[in-house]
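Once you've had a glance at the structure underneath, I'll fire off some questions.
Here the chain labels run A, B, C, D and E in written order, and each chain numbers its own residues starting at 1.
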Amino acid sequence: MFLEVSGLTKHFGGVMAVEHIKFNVNKGEIFALIGPNGAGKTTVFNLLTGMIPPDEGGAKFKGKNLVGLKPYQIRNIGIARTFQNLQLFNSLSVLENVMVGAYLSGRKGFIQSLLRLSGVAAEEEQVRKKSLEVIEELGLGKDINNPASVLPFGKQRLLEIARVLAGSPELLFLDEPASGLNVGETKKLANYLKKLKKDGFTLVLVEHDMETVMNVADRILVLNFGTVIAEGTPEEIQRNDEVKKAYLGEEDQYEYSGCKWS
Amino acid sequence: MNILDVNGLKVFHGHAQALRGVTFHARKGEIVAVLGANGAGKSTLLGALSGIYNAKAGEVVFNGKPINRRTSGYIVKQGLILVPEHRQIFNTLTVQDNLLLGAFHRYNKDKSILYEDMERVLETFPALQGKEQQTAGILSGGLQQMLAIGRGLMANPKLLMLDEPSIGLAPMVVAEIMTALRKLREDGTSIILVEQNAAAAFKVADRAIVIERGQVVISGKPGELVNDERVQQAYLGRTRDQAGTVAMAL
Amino acid sequence: MPRESLKYLLIAAASIGFVILPFVLESNYLLSILIIIGIYTLVVEGLGVLMGYAGQVSFGQAAFFGIGAYAVAILTTRYSWGTIPAFLAAIVLPALVAAVIGRPTLKLKEHYLALATLAIGILVHIFFNEGGELTGGPSGLTGIPYLKIGGLVFDQDYKFYYLIGVFVLLVFLGVRNLDRSRIGRSLRAIRDSEVAAEANGINSAALKLKAFVFSAFLAGLGGGIYAYYITFISPAPFNFNMSIQFVIMAVIGGLGTIWGPLLGVSLMVALGEVLRWLVPLFIPNAGGEYQIIFYGLILVLTMIFKPEGLSTGWRKKTVSDSEEQEQKKENLTVSIRR
Amino acid sequence: MVRRIIVLSISILTLLTLVFAGGCSKQDNTDSASKSGETINLGAVLDISGSSSSLGIPERDTLRMLADQLNAKGGINGRQVKLTILDNKSEETEGVLAVKRLIDQENVVAIIGSSASGTSLAMVDTVQKEGVPLISLATNSKIVEPVSERKWVFKMAQSDELIANSMIKYAKSKGIQKTAILYMNNAYGDGGQKALNQAAADNGISVVLLDKFEATDKDMSAQLAKIKNSDAQAVMVWAIPPSASIVTRNYREIALNIPMIHSHGIANQNFLDLAGDAANGIEFPVGKIVVAAQLPDNDPQKQVLMSYTTDFTAKYNTPPSTFGGHAWDAFYMLVNAINESGTDRAKIRDSLEKTKNFVGISGVFNMSETNHNGLDDSCMAMVNVTDSKWVLIK
Amino acid sequence: MHVNLYLQFLISGLTLGSIYALIALAIVTIYNITGILNMAQGEFVALGALTACTFYSAGFSLPASFLISVVIIAIVGALIERLAINPVRNASSITLIIITIGLSIIIRGLALLIWGTNPYSLPAFTQGGPLQVFGAAINPQSIWVFGLLIVTVTGLFVFMEKTYWGKAVRACVINRMAAKLMGINPDILSLMAFVISGALGAAAGVFITPITLATYDMGFALGLKGFVAAIIGGINNVGGAIIGGLLLGVLEVFGAGLISSGLKDAIALIVLIIVLLFRPQGIIGVVIGRKV
């Protein structure tokens, strides 16, 4: 199994919690985590990427246990993530941001860099080239020298994705990659995600934008109040009553609910 | 009559422009829903109206008085009250203290009135009754949200603004809160409701505006909006031919 | 390219200027000011990497400066080491100390880190005072020999001037290399967002430690040269005030820039000398207290009006109120969730 | 790549120049100092601000007064004296910069300073290299010893050894055999403590307890309580106010019923003001300036002391301190030397070294090739605090 | 070694400790309300002490000098907040620390200019010699200091826990933004915090001067000890500040008495580092009730 999550549990002193989450992700698929606000999707991401330790349960990536690893160690074994609240390096240029993403493809350490020993320049050039490729691919080519902080929101999102891609991870966690993007950008993103899948990446997304999710995901896991309420293909999920209820609340006197919307 | 007129409001977060000239109004006694995707600028709008963020440009007239560039203290005194996102109650204080602090700007006046008002708030949210001396932080999420709204009510708002009150709450609780909002409107309080949960908002709103990328892209009655193609494009980011999946967003 | 060649012309001119300066000045006083500026620049350049790149503060840098100086003084006067081995020890020892104390200390954040480094700085100062025979106690150590490299004895100001010049140049090159490397980028990334840096595979704890060790290394280098230059040391110059001065210099010059430290040090030292001359002209009875007040004022005013420092760094940008509050709000929600 | 080659070649060029320059030596410009027309340039580096400023300020005031007096009287051999006083802020590095500035920019023939031992020691190397006479006002004997390495350096203040000897000998005369020593934990106290231990050993007195306190400490009861529990017959304290005052008060509070003998560090009004009644009965050795009026008329220093006291009091409305006295000694010893041998730095040095029977404020100086301080026991007087006044113990 | 020696140590330690506790209290108050570590707190103490000395020697009575000094330093606190802190409210914590360090440098320089290096003194509040308890001496002024500590703590406690304004302050501490939305002006509270800490610092300064004397540079050492005490107790914990202060005082005196006088400051700093590394929330933590 590529990624195996079993019985993941986390309590935050009452309000927010994740209870016994269990799911598997296969290599090469796009797996989506959906659910209403506060359902615990980001918490699952944080647990799986070492940002917070789980109370119970575990996760294995290609047989390696993820529990107890630090975020950078998890990145080291091939799992990368983006953040819902953008975590760009604001004072770094777009190019530098992406080059930091390629950190792991470099080998030169502090002293080698300080003295610029042989090989440092070559390695820099290599990383630079690769980063530029990724930047071009995501359409950020015009902004390479701008500090990340001055980019419009949509481009910042793309930059975050570019940054993780530059490090060629095997498994990618994307936390609401489409939020804040306009229609055109969202469409492009969806196509890009599909392309990534074709290129052999495995993707796990948290996303609110159902169109994108339904469009790109192979399988979907639905969370509500920290528990799994459904799992299946997009078609299965769309038919699931439990899911509808979670999103819409009780079907009460809402006058428009009967019309085109459901 | 308009209780709130917002004209060309622009707000920057550092270099990023969060509001690009927002113009809308709210009439006395109505519930206006403000809709939009994550990051569209809804919370910034409420923050700017209540004096938390400074607007670079634009005009805000509340109840006949210009309030842009005024301190939040002044704005609160005028009766424009924000119930912020994530409730933001005072965790380590008691329920009663939280409520009384809501009336901070009129505390110097007759205290017995405050306690009467507190009784009224507790009637609006019966779930809080009997918990006055409990520490607010240990309440459930739903009760905390009620407390946050109740705290806002203690300020005697003419216009109450709520930022995502339904976040992280069970549908039952959301329904309870929405019922309370309807009752408040009947009592004459105007309300601005920011929601991502469009379904919940449409249920109570008289009117709705949709914000996208820092601008009001559309406004109208919920019934009109639902059928408006532009809304679906702007807020929901999709076209009607995918109506089947659209439902999932709600 | 003409612009490039102009740049090299400038560099060449600056180098020639640097080389002939002692002959032009013919003043040991002015040279000694330049030497002191050079020594402090070494220390502040290291502190600049720590603060400006790694985003970590140290209010105890004078301790490493002092360890370097004391290493030279003790090894040459008490153990009759040669001057070069003692000099090497002055560089290595502070780095070792930093490596040992850095790991637990750098786990602390913000003002906790500030207080911890401050405490360590004062502790080391106490050790200098209490070292008895070894450190000479409060009276210090006299009789430090001149630095000898081959047949060259550093007994004159102009020799120290060249020595320092070479070291400063090398350190500049090093920091510039670092800035343009994977490591420098990663350090700045840690400063901007440690979470994201970790998520991109950067072992932030290890890298911060390396920056800390590097800063101690440079402080030791400065301290070693200082001891050879003054030839007498006592605990006094390595106290908390000196640590503060280093931070002031780093901050005023501009954090996260290569030239900032030199600018900051030059400004502060030059200011000291100018005020020493200027103030008595207006206020005859004035002593250094005016100068101290000036330092304080400059520091406070800089932090209020130009917290990014005086050198124009393109990367540091002011964060407006609202953005900061937005961030605080986010932090708040994070902390609530935790 | 091109860039790196250029940078590298510049570094190599620099290094080469450095080596080349190492071979040549700078021309000597020591005599330029003496040619500067009519005025004679003197310099002083004092601890006017910072931790030792209580020393530096009276020294500065004294030097200013003396220079004005001298110039009003026509200067030295008709040449006016220009005295440049610089503040080292009690910092060693600043002291070095200041001394270099005096030599280079002000072309001084000799330098007075610094006020404290650390700042004085830091300046020694520079004046030795440049060949400029330096007269330190600080106590530490390392400033002038070994004399072979301190050719250009002289010192006005009584060495710790002298004072320690006075204290120990006084105690011995009172029949004390076991003493405790308490000192301030800085260069001043450290030097005193060492001298006291040495003097005690020389005089057969055993030191049963040696303890210290920080200059900034607010309470020394713990140390005194330990002494109370020991079998010491006296406690010797080496400190300056405010800690010297606090320790005296604590000494009364915990009712430590053995004599307390202080060092000369408490010889200022401040100590009396701060210690109040607690000071009564304290004994300490002091330079004679403090008890000038009580001295017998046949004391060789009496006249000098009285005139300095009168002048200083008239000008600054406060009695002079021993520190100002050091400045007086330095100034006039220097003036005498210049009077005798002109403005050549080396000649001034030689003259200073030959100073004999110079009647100063701190004592009668007799310099020699082996002694650059030139004072002996006779310069100290023991005094007793009675009714918050200093009373000479005859 | 006798029992009365240890008793003397304990008494001296508690005296010293209550001085530290007073300063720690002011530091914690500012920190809680504004989130700022005020490195200039020690300077308030020095300024207060010196101001009172000046007025006392000018012929004012002791209580009058005390009041004048407290009022003046409270105003100084207010000025500092308005001029140097308020304009950069949202700066990083390091920037704010550097600013308060800069302020402490300025204040110390000004104090040197005004009062010079000489120490000053005030008479003890009550005359009479030290009290003897089982062979150990208690300075009556220590009892005054201890009294001030108790009065201050009680006052703060009653204010924070029992009054509406105190609750407004606590609300602001808990959630600045939400407090602002209630119309509570955090700026005013920040001003108030600096006024209180100025007044508190001055009061502490006047009360301790009969014991410690007053010098322009007394602030740094006291401020540092105050910080150590505040950190030991937990930086946002009023009860902790007091226990931390007393503990530090006792530790120092026993350290000086039993180990080495020269290393007693080292002992305090080592304790600080250990606490920072292993229990940054302070050794008292949540045991002693809520934070103010």
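Throughout what follows, contacts are C-beta pairs under 8 Å (C-beta built on N, C-alpha and C of every residue); 3 or more make two chains touch, one makes a residue touch a chain.
The structure presented is a predicted model; accordingly, all values stated were derived computationally and were not measured.
Chemist: Report the chain whose CA-based centre is farthest from the CA-based centre of chain C.
Modeler: B
Chemist: More contacting C-beta pairs: B-E or D-E?
Modeler: Counting C-beta pairs in contact, D-E comes out ahead.
Chemist: Among the chains, which is located farthest from chain A on the basis of C-alpha centroids?
Modeler: Checked the centroid distances; the maximum from chain A is D.
Chemist: Report, in whole Å, the distance between the mean C-alpha point of chain B and the mean C-alpha point of chain E.
Modeler: That gives a centre separation of 43 Å.
Chemist: Centroid from C-alpha atoms only, then distance chain A to chain B, rounded to Å. What do you get?
Modeler: 31
Chemist: Centre to centre, by mean C-alpha position, how many angstrom separate chain A and chain D?
Modeler: Going by mean C-alpha positions, chain A sits 72 Å from chain D.
Chemist: In chain C, which residues are in touch with two or more of the other chains?
Modeler: In chain C, residues 129, 289, 292, 317, 319, 321, 325, 332, 336 touch at least two other chains, as defined above.
Chemist: Chain B: which residues touch two or more other chains?
Modeler: 14-16, 52, 88
Chemist: For chain A, jot down the residues that touch at least 2 other chains.
Modeler: Touching at least two other chains: 15-16, 116, 149.
Chemist: With touch defined as at the start, can you tell me which chain D residues reach chain C in the complex?
Modeler: 3, 6-7, 10-11, 13-15, 17-19, 21-22, 25-26, 48-50, 53, 56-57, 60, 86-94, 96-98, 100-101, 103-105, 117-118, 121-122, 124-125, 129-130, 140, 142, 149, 185-191
Chemist: Touching residues of chain E toward chain D in the complex: what are they?
Modeler: 1-2, 5, 8-9, 11-12, 15-16, 19, 112, 116-121, 129-130, 132, 136-137, 139, 208, 211-213, 215, 217-218, 220-221, 253-254, 256-257, 261-262, 265
Chemist: Where on chain E is chain C touching in the complex?
Modeler: Per the stated touch rule, the residues are 37, 84, 87-95, 97-99, 101-110, 112-113, 175-177, 220, 224, 227-228, 231, 260, 262-263, 265-266, 269-270, 272-273, 276-277, 280.
Chemist: Given the complex with chain D, which residues does chain C contribute to the contact?
Modeler: 8, 11-12, 15, 18-19, 22, 27-30, 32-33, 36, 129, 137-140, 142-143, 152, 155-159, 162-163, 165-166, 169-170, 173, 226, 230-234, 236-237, 272-273, 276, 287-289, 291-292
Chemist: Using the touch definition up top, name the residues of chain A that touch chain C in the complex.
Modeler: My answer: residues 12, 15-16, 43, 49-52, 70-72, 75-76, 80-81, 83, 85, 87-92, 96-97, 99-101, 103-104, 106, 108-110, 113-116, 120, 123-124, 127, 147, 149, 163-164, 167.
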